[in-house]
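Inspection log for the structure reproduced underneath, given as C-alpha cells.
Letters A, B and C mark the chains in the order given here, with residues in each chain numbered from 1 onward.
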C-alpha cells in the first residue's frame, strides 16, 4: 500500500501502485453525486489490500453501517463450511433436518433447492412485524407452516428477508448452534473482520446510521409507477404485507435489530470487512466446495423481483453473469443500500463497496459497475 | 349499489360509493376509442357487486358474447373441485386416467404438468377443422396420438385451443361426465351465473356477435411484420395449420359452436357472470386447493406466444405477476377479444371485463391495466 | 433449374422459376455490403435445388470454406442415426457410455441433457490450446475431468467449441468409431455432399480462407463495450481463457485443423453441401427420430451467450422460434462467420447460406432473416 490520498471531493484512503484508476473512478463518482453517498470501497488482489478508500460525511475506513443483504454472503459461507464438513448434505430434503418444514407440500424440497431460492416461501400470508423480522427464532416456525407461493422447486425468486431464517434453522437443527455463532467463531474472529452478525454494544460508537433514499422527482415517479400490491410476491418478500410495511432504514437503525444480526439482512460491517471475508473464501473453502456453491443453480426470470439477469449459486449470487469483467465463478451478494461484495477467484480479486445513503433504485448501486471494471482493469494489468 | 349513470359516451350502469373513479376510467376509455368496443365491466368487493357498467352499440349489462379463453377459468374451476374431492390427483400421470395419451413419449407427463401448459401437445400436425375445434370428443383422440411439439415437461407454452380438451378428457375418464355438465351443476346453476359452457338455444336473443378487429394501418403493419408460419408453434396452437386457418370470429359466431361450449374457447357470458364466478371461487375452493391451483407452476418465455411475462398456475393464469396492483395469488384468464376475468382474494376483489370488438393485439386488452388499477384503488381505500 | 444469372453486383448462379425474388434479395444484400461478404446461398424445395447463388471475390458455387458451428448439424445427424439404430439411448446417463464423465458430480446427466446443451462443461478451467481444440481425442478426457460451470441439467448454455467432443466421445465409446467416419460413410459419400468433417488434402485448391470481421467504428465500440472476462462463461466457452485467446479465423485457416474436422466447429463445406444434407434429413431419419431431435428441449436465457431467443432441440438449434416463416420443427445450425443451414420439413425447404467474411456480430448473420423469408415466400407460393 502507498500514496495517502485526500481529494477535494472528500475521498480518502490509499491504493496500491497500479490501482490509481480505481481511486479516480471512485472520486469521480463521489464528487459527482448530488447527495453524499457516504461510501467505502475496498479490494484485495491476491491477498493484498490494494484499494482502501472512503468518502462522505462521518464515514471513515473504520466506520460501520448496515450492509443489508450483503449479510447473506457471510451466512452462507457458514453453510458452505458445514457442507464441506459433511454436517449438511445438499441433496437431502430440508425436512430431513427440520421436519416441520414438510407442511403444505414442501416435504420434497432439498437443501440445494432451498439455497437456490426455489422454496417459494418468501414470507407469510399475514406478514411479519419488525420484531419478527429481527429474530429468526420467530420467523422460522411461521415459515415452516406457510403454504409456498409457487410450486416448490419449479422456479426461483429472491427470498429477500427470510433465506437466512430458513437455512439458519437447518443449521440450528443439525448443529444446535446458530449461523451467527459459527460465523463469529470460524470466520470473523480468526480473520479479525469488521463484519458482524450480531453487533456488539461496545462498537456502537463506530456505527453510522443508514440514510433514506432521496430520489429525484423523475426517480420518485418511476418508483410510484412501479409500485406493487403489498400482497404481491414483491410485497410479501420485502415485508409490505404486515400491519405496517417494513421500513428497512428504521429497521437496521434500531439497536435491537443490529444486536440480533439476522442473517438475511441485519449484518453490520464496512467495505474492509466484507472484502476481507471474500479474500479468504478460497482459504476457507476447498475447490470442490467453492465450485458447488458458486455454480449457477437458478437463472432466468426472478419470480419476486421480475429481474431477468438475477442468477443464484447456493446462498450466494452468481455474479459472473451480471458483471462482464468477472470470472464465471464469481460469488457475492448485493445489499439494499447499494452495497456489493464479492470474490472473483479467477482474477484473484475480492471487492466490497458500501454506502450509507440508500441508492436508487435499490439492490447493488449502479456505480458498482464502473468500480468493478476499474478494479479488474488494474488487477488484470498487473 | 347506487347512482345510475348515463354518460354522453354511452356508459351505463352503477357503481357503489367509492368506486366512482372506476366509472370515470371506464367512461374515459369507452369515449376515447375510435371503434366502439361494446364493453362490459363488473367487479365484486368482499362479495358485493360494486361495479356494473357497460357501454357501446347493442350492449347492456345483460347481453352475452363470446368470452373465448376466459372460458378456461370456468373449466379449470371444475378441475380444481375434482382435485379437492379427491377424484383427481395432480401428481398422477395423465395416462393413468387416459391410457391412449401415453403415445409418442408422453407417458410420464403428470396432470399437474398438463394443467401448467407443459405437455407440448398444442395441436396436431395436419391441423383441425372448425368442426373438430368445436367438439372436444373429436379433439381428444387426435391429441392423444400426437407427437409433442416440445419435450413434455421441459418447458411451457400456451395450449390456446386445446387445454380444455386435454384436461376435459381426464375429467371424462375419471367421472364419466363432461366439464360442461359439472360446471352447469356445481357452479352455474347454484350461483345463477350468466356464463355458459354450452349455450342454451333459448338465450340466443341475448347473444351479441363478436366483431372483427379493426386495426389501424400502423397496427396492421405490426401484425403483418410479426406474421408467423401456419406451421409454427403459434400457428399450430391457434389453428392456422389446417386446410383453412381458423377464423375465431366466425367460429364463436356460429350457433353450433356455442351450443357445444368447448372448454378452451367457446364459452358465452358477460362481465357479471364472469365476475360472479370469481366472486365465489373462495367459497367453492378450500384454501389448500386454491393455493395449489393459484401458485405459479410455469413462468419465463412462453414457447407458443413468445411472451416473457406469461405465468400459469394450474389451468388458470397466475395474474399477480402481470398486474402490479393484484395480490400474489390472483388467478383468472384473458380471452381473445380482450376480455379478462379474475379473483384477487388478498384484496377481496373479483373483476371481469368483456368486449364485442376484438381488441388489438389479442389477449387481455391493454385497457384492463387501468381498469384493474382503478378497481383496486377503490377497493383498498375502503 | 433455369435462368443463368450474372448481375452487376457479382451475383452468379441460378434459381428455379418462382424463386426470382430470392435472387433479388441476395443481390440486393451482396451489392449493398461495404465489405464483400463472399457469400453462397442454396435452397431445396421438395428435393429440388431451386436456389444456387453466389457472389464475391474468389467465391463460386463450388468453392469451400470453414462453416464453423454449422458443422454441429452434420455431427448430430450422425448421433440421431445412432439413436434411430438403437445404438444410443437418449435417457441413459452419459457415464453409462463414458464412465470417466461421472467425475465431479456429472454422473446423473443423461445423453438427452448433454445434447440439449445442459451439461455445464463448456470448457476447462485453464483453457485449451488451439492444438487441443483441433483434436477431440485431446479435448474429451479433459472435459470429463472438469467441474461443471453450472449445476448439470439445471440450465442450458451453448457448448460452442466442445459439444461435438462430448457427444463424439459417447459415439466412440458405443461404436468404436468417430462421428467423422460415420458421417463420411453414411451421409457424405452416399449423397455426394460438399461438406467435410476432416477435409481431404486433394480438395485444398477449392478452399477459400475465412476473412476477418471488419467492424465499423460503431460496431467495434459495441464489441468493446460488451467485452467479457476471458474467465467468464462466454470466455471459457469460446476459448478466451487459454494461454492465448483462440483466434477462430487463424484456427480454421490452418490445414491441420481442417484435416481433423473437429465436429463442433471445423467442418469445411459450401452452401450446396449444407443444403443438400438438410434436404435428405427426412430421408435419413424416420419421423419419430426427427421429432425427438427437433422438439425443443432447452429455451430461455442461454447461460453462455446471454441470448434470450436461443432454443435447442437435441444437437440442433430449434430454429422455428427465431425465424417466423419457419415451421415449428425446423432444425439447423448457425456458424461463426455468419452461416446458417437448416431443414424446414413442414414447408419442404432446406436452406444454406455461407460467407467467407466474418459477419458482425457473430453467429447467424442478420441477412439470413430476409433470405429465409424470401425462400419461404417463394416455396409456399408454389
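What we mean here is this: a residue touches a chain if its C-beta (ideal position, glycine included) is under 8 Å from a C-beta of that chain, and two chains touch if they have at least 3 such contacts.
Keep in mind it's a predicted model, so treat the numbers as computed, not measured.
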Looking only at residue numbers at the subunit A/subunit C interface, is the share used by both copies over half or under half? Answer same or different. different
Fitted rotation between subunit A and its twin subunit B in degrees, CA, nearest 5: 120
How many angstrom lie between the centres of subunit A and subunit C, each centre taken as the mean Cα position? 41
Sequence positions of subunit B contacting 2 or more other chains: 300, 308
Of subunit B, residues touching subunit A in the complex: 112, 287-288, 291-292, 295-300, 308, 320-321, 324-329, 346-347, 376
Using the touch definition up top, name the residues of subunit B that touch subunit C in the complex. 104-105, 120, 147-151, 154-155, 226-229, 231-233, 235-236, 300-301, 303, 306, 308
